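As structure tokens, here come the structures.
In the two complexes below, chain A is the common chain; its partner is chain B in one and chain C in the other.
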Partner chain A sequence: MWQYTLKRLLQGVITVWFIATATFLAMHNVPGDPLSGERAMSASIRANLEARYGLDKSLTQQYFIYIGNFLKGDFGVSFAQENRQVNDIIREHFPVSATLGILAVIFAALGGVLWGALTALYRNRLPDTIIMFLVILGISVPSFVFAALGQLTLVNLNAFFGVSFLPVAGWGTVSHMLLPALVLGMGTMAYLTRLMRSSMLEIIHSDYVRTAKAKGLPPARIFTRHQLRNAILPVITVLGPAIAAITTGGFVVELVFAIPGLGRYFVQAVQQLDYTVIMGTTVFYGAFLVFMVIVVDLLYGWIDPRVRLQ
Partner chain B sequence: MTTKLLEVKDLQVEFDTYGGIVKAVRGVDFAVQAGKTLAIVGESGCGKSVTVQAMMGLIPMPPGRIMGGSARLRGTDILGRKMIEGREVRGAEIGMIFQDPMSSLNPTMTIGDQIAEPLQVHRGYGQKKAYARAIELLGLVRIPEAARRATQYPFEFSGGMLQRAMIAMAISCNPTILIADEPTTALDVTIQAQILDLLKSLQAETGMAIILITHDLGVVARMADEVAVMYAGKIVEFGTTDDVFYRPSHPYTLGLKQAMPTNHRDAVQKLMPIEGSPPDMFSPPVGCAYAARCPHAMTVCEARQPPAFAVTVQHYSCCWLQHSQVPHKAAGIFYGGGHD
Partner chain C sequence: MFSDICIDRRKRDACEFLQFGIVPSKARYGESATAEQRSTSIDSVRTAGVFFGRHRSQRTLTMKSPITTDDHFTRSAGRELARYALIAVTVLVMLMYFLNFVAGLTSSGAGGVAGAVDVENNEISIYLREEPPQMNSMLSSDVISGTVLGHVMEGLLRYDDNSQIVAGLAERWEIQGTRATFWIRENARWSNGDPVTAHDFEFAWKTALAPITASQYAFIFYPIKNAEAANTGQMPLESVGVRALNDRTLEVELEQPVAYFDKLVAFPTYLPVQEAFFNATNGRYGADADEMLYTGPFYISSWVHGASMRMEKNPYYWDANRIRIDALNVAYITSDSNTLLNLFKDGRIAQVDLTAEMLEGAMQQKWHLDRFMDGSVFFMDFNHRDNRLTRNLNLRKAMFLAQDGNELVNSVIKLPGYLPAKSLFPVWLQGMEKTFREEYPAPESPYNVALAKEYLEQAKRELGLSEIPPLVLLADTSPVATISSQYYQAVFRKNLGLNIIIDAQTFQQRIAKMNAGDFDIVLAGWGPDYNDPLTFADLYASWNLNNRGNYRSTVLDEQVRIAQTSTDTKTRMDAFGEIQRILHEDVVYIGNYERGRVYATHPQVKGVLRRVIGAEFDYTGAYIDNTGTP
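So, the complex of A and B:
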């Protein structure tokens, strides 16, 4: 088990290194550079700036300087925002994005498992039909539409009752988080519901559930001990990619709800070709996602004993 | 005569399918005596498994439906009931093991926990006590290193070991009846014999009755005290194992016997398959279901359902050949070497 964990972590480090290299190369191949702003500058100023930021060195040299700094845990200074450390940007804004993302994943996973199990138990009856209709909506409607609709509904509700149930936008308290997290998790929840439903249907008709019935176990015990744990396995498998989808999808939702997350800086940095911020946020996100996938895999091994030994 | 522990009368089960209604079980009668083994034999799809699953309440409804009949355990009908005399039927009164042990155990739960489960539910044992008993039960079904094995998962067991674990689970609450639904079909032959011997010795120790479902006449000969031969949702012949094997009184039983290979060195007789295939269960025939394949069919066979004719006190056959007006012919078919 420890060996397995160690192996996965090592693989993760290699993945992150790969992400860093690919981003570095892609970034430098985009036409323009951080210094080509709106204002024209003289050749001597440009040369000075390039020398200051190390842009006059060869690509290989720059690459090794970056990697060396990464290893020291230093993402450098932003080009666009004067005197701002990339580390500070991440430290300030990542917790916001992470909180939102984790909350959304929890919404999606709990909702997906619950609705999926419910639809399977009520197969082809009214609850199943209704939920599966909503699932199709959830999968096909993009999150910014849900975000706008959610805000609109909230505004109308607040106006109708004359009380502010939940804030429409902004950040700060738990009540600020609920709606954005729900919107962000919606698509994944729908997808997981469908997955859980088919997996549950398969397990309801499995031989070991019949055995459990023949043992005379009460339905609640059969559900929790014999059906749920086995049905959840495919859901856990896709949870890793789902976390990736939710965190990267977070940019849009952060923008709509005016949430000071990392997403805004990420998008801005790409527009301004702010090399250090692009590299810092990409590598950091990459490392975070790789780590989450490893955590999910370890979780999978904990739930399914067959995976543990391999 | 020994007492009848379980008496099934006129059991009828149907299934709704896209093609129409399948009449899977069409009035089955049999009785099981305490401490004895009854074998139900018949080919695939004849309704043997459905019969016992109906008794255990394991038929999914819908699409399944129990249309009538009764199954009385010590006089109380258990059809559609969960409890009799304060005891749970499933798991406590009747234990059950299945055909494929590989898929019949929960892959994410340890063997020990799975065996302990019925004890916790039916006997109210605490977790520790139930687990300790589970280890004892594993020893009882001759699994070596029971304590270590109990902590393992099904994928760490072989097929034969899993079937032993299934047996341990089924007998954990000392059931009065153990239903074994093709218990050895998925196992290889050397393991088959071990499992059958185990069932027999457990029966001798606990005094439970066994209902053995199989299509293997070799298994029947080895295990059963009584045999019910089933065809197209009906019992066509019922009797002691000796009666059914040595004095078969239904052409179908005879056909099965002739289709069974022997290992006699001087056997010259060819294996005789039963020609044709079982009837369409969407619209079962009006008369005897076997008439279309029966080499001895008479006009009456296709027109009217044969009643149960008593051959001896404990041996009956549902065949018009047993009617008193065709005695000589019947004698010729059944006792004259079984060949035309």
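So, the complex of A and C:
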């Protein structure tokens, strides 16, 4: 077990190094110039700026300096948020994205498992039809539509009743999180519902469920121990990447609800060619994703002993 | 009995095997099992049998037989599911309370749910489109930071409510020839109580000029003696013509007389910085609320990056009586216009900018609407380099006459507050008595397709071409640039049969391509730095690096030099008028639009200024009007 974990962690480190190198090369080959603004700069001012950011050195030199700083845990100073360390940006904004993301994943996972199980249980009946229709809607409608619609509904509700049920935007209290998290988790919830449903349907017809029924176990127990527990495995597999995806992909929701999350900085950095922030956030998110995948794999072994044996 | 084994989860597999294996053979009904166990067992056996039966029948006969036991299973499982759902919701609610606690740690109360107007605490809530990227005044180069700086800092001079230069921290000043002298107020104070001295200005200006600082706006100091040489490292910083004669007198020596130097001094890069404090921040000056000193009407009391910023009335500000609100609360930072509209509707922010589709709703609601020009002019620049077809004057004339600026603004862009750009000099610029455009009207530019076609034919003859090859129109990917470039593509094809290839790029890449001269025509824009026509007039001077189309004209250069060096207003204005005429006759560019905004204001909030130069919005004179409420 420990050996396996160690091996996976080592693989993870190599993956992150690869991500860092690939991002570095890709970023420096993106057309455009991170220092240029609407106003032209004289050659001397430009040279001063290049010296300040170390862009006057050769690409190989820059790469080794960057890897060296990266090993020391220093991602440098942002080009666009000129006064801020990339480390500070990640430290201040990632917890916000993570809080929102985890809440969204919890909504999505609970909703997905419950709705999925419900639809499988009542397959081809009315609840199934209704929920599956909503699922199609949830998968096909992008989150910014839900975000805008949700917010508009809230404004109208607040205006109609003359009281503020939930804040329209902003960050600070749990009431600020509810709507954004729900919106952010919507797509994943729909996806997980489908996944759970098909996985349940497969298991309902499996030999061990038949056996369990044949030997006379109580239905509730068959449902929980044999069906739910086994059907949930594929859901857990996608949960790790889903957490990473939701945490990194909250850009639109963060923008609409004025949430100071890292997703906003991540996307803006790419748009503005903010080299240091691109590198910092990509490596950070890469490491985060790799870590989540490892955690899920280990968790998998714990849930399904058959995987552990191999 | 096997049921005991089954309680132990770890032995479950074994137990299930036992259950299945043992029940029929060893356990006799009625002997060891209780009545309840017996009934389940019998039921289960029957269920299993029926289950198999149904399964088979579905496959072979697809017959729909009502089987009650399957319903029984569904019901039990459904109940179980409901129980889980209940547990899930309970856990969620508990989790929410926990998260509330966590979120309390990562942000302060500043971003809370206060209303737009807080009469009790005399404060107003607003928004920012973005987090201010650079609050160090020596390096700052963007509008957002400039707006915040406009509230928390004051320099020697400032713009008043009518955009005229008035005394700021300097109680009086004198600009004569190449010498400018500023006398600083006795009661000018930093927010820590220290007096603001002439040394603070000398330090800030020289630091901004130091090559190692790499300030993008260092050029704004270039009229000062030796400033350019010091900035490029050719002369020491000590040689720069700025000197604090004593704590309260600052003397500036200029390279040559500059008529608009007072307006330059109102620019943020000219703000003071206290040397001792700056050195103590160890390179983080302006990075956080407590890593800055303030001289303005407000000071930043809290700053949660990306979320909120709170500005409170600065008790050390010399003119504190001018300020009528106690606090300005930036409660939201987002650029999403719909979100901002929703926040305004919900009564959370005092002012909001409206887009075209919001306008009708706003009128219906009878909101208080205003309009202002934000100062920027947008235009289509031609590439005047030797190897480009657009160097041909008649081709440019043809293109100019074949498009209609009114149509672009009124039918294509359709954004409220926008005006067709009839001149490079926007409508709000000050002339001698009235506005510049009233005194020097822009040359008329009638839309005339027939004439355009004549010019095109002439251009073809001159260029020796039977057809004009496709021209590349460089534009960035913003919605207005996209729709404008499509308009030009369509109108040039329809009216002149020209083939325009749109080269849509990100902002950074558009700038890079413009600098490289890699375009035929490009959609670009220009915003003012100071309130003088020169901020636009020198754009096409041959030495100006922003003249990315490489337009060269000795006549124009001469007029720019007159405007730069003369101190006589009439001479300068005539020069600007001449520049306007040359630009039009030579069709150096095609004007697109002057950007404007329409905005709604909270009915109780009065005295907010929208400025063309300096802070985008200015709440230093704002107050809460209580007369409407009991």
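One rule holds for everything that comes next: the second predicted complex is superposed on the first by the 308 of 310 C-alpha atoms of A that agree within 3 Å, B and C clash if a C-alpha of one lies under 4 Å from a C-alpha of the other, contacts with A are read in each partner's own complex, and residues count from 1 in each chain.
Following the convention adopted for this analysis, a contact is a pair of C-beta atoms (placed from the backbone, for glycine too) under 8 Å apart; a residue touches a chain by one contact, two chains touch by 3 or more.
On a predicted model such as this, the values are computed, not experimentally measured, just so you know.
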A:Arg84 touches, of chain B and chain C: first, second, both or neither? second
Chain B versus chain C as contact partner of A:Thr173, first or second or both or neither: second
First (chain B), second (chain C), both or neither touched by A:Leu49: second
Which superposed partner A:Leu121 touches (first chain B, second chain C, both, neither): second
Which superposed partner A:Arg210 touches (first chain B, second chain C, both, neither): both
Chain B versus chain C as contact partner of A:Val105, first or second or both or neither: neither
First (chain B), second (chain C), both or neither touched by A:Val277: neither
Touch count on chain A, higher of chain B and chain C: C
Which superposed partner A:Pro218 touches (first chain B, second chain C, both, neither): both
First (chain B), second (chain C), both or neither touched by A:Arg306: first
Residues on chain A lying within both footprints (that of chain B and that of chain C): 205, 210-218, 225
Contacting residues of chain B [partner chain A, same complex]: 56-58, 60, 82, 88-92, 95-96, 98, 100, 103-109, 117-118, 121-122, 153, 155, 166, 169-170
Chain A residues within the chain C interface of the complex: 31-34, 36-42, 44-45, 48-49, 51-52, 80-84, 88-89, 92-93, 95-96, 99, 103, 106-107, 110, 114, 117-118, 121-122, 148, 151-152, 154-155, 158-159, 164, 167-178, 205, 210-220, 222-225, 227, 255-261, 264-265, 271-273
Touching residues on chain C, where the partner in the complex is chain A: 12, 16, 19-20, 23, 40-45, 47-49, 51-52, 55, 72-74, 76-81, 84-85, 88, 92, 95-97, 99-100, 102-104, 106-109, 111-113, 127, 131, 133-136, 139, 141, 211-216, 218-219, 231-233, 284-287, 304-308, 331-336, 338-339, 342-343, 345-346, 348, 505-509, 511-512, 515, 525-527, 544-546, 548
Complex contact set, residues of chain A against chain B: 205-208, 210-218, 221, 225-226, 229-230, 303-306
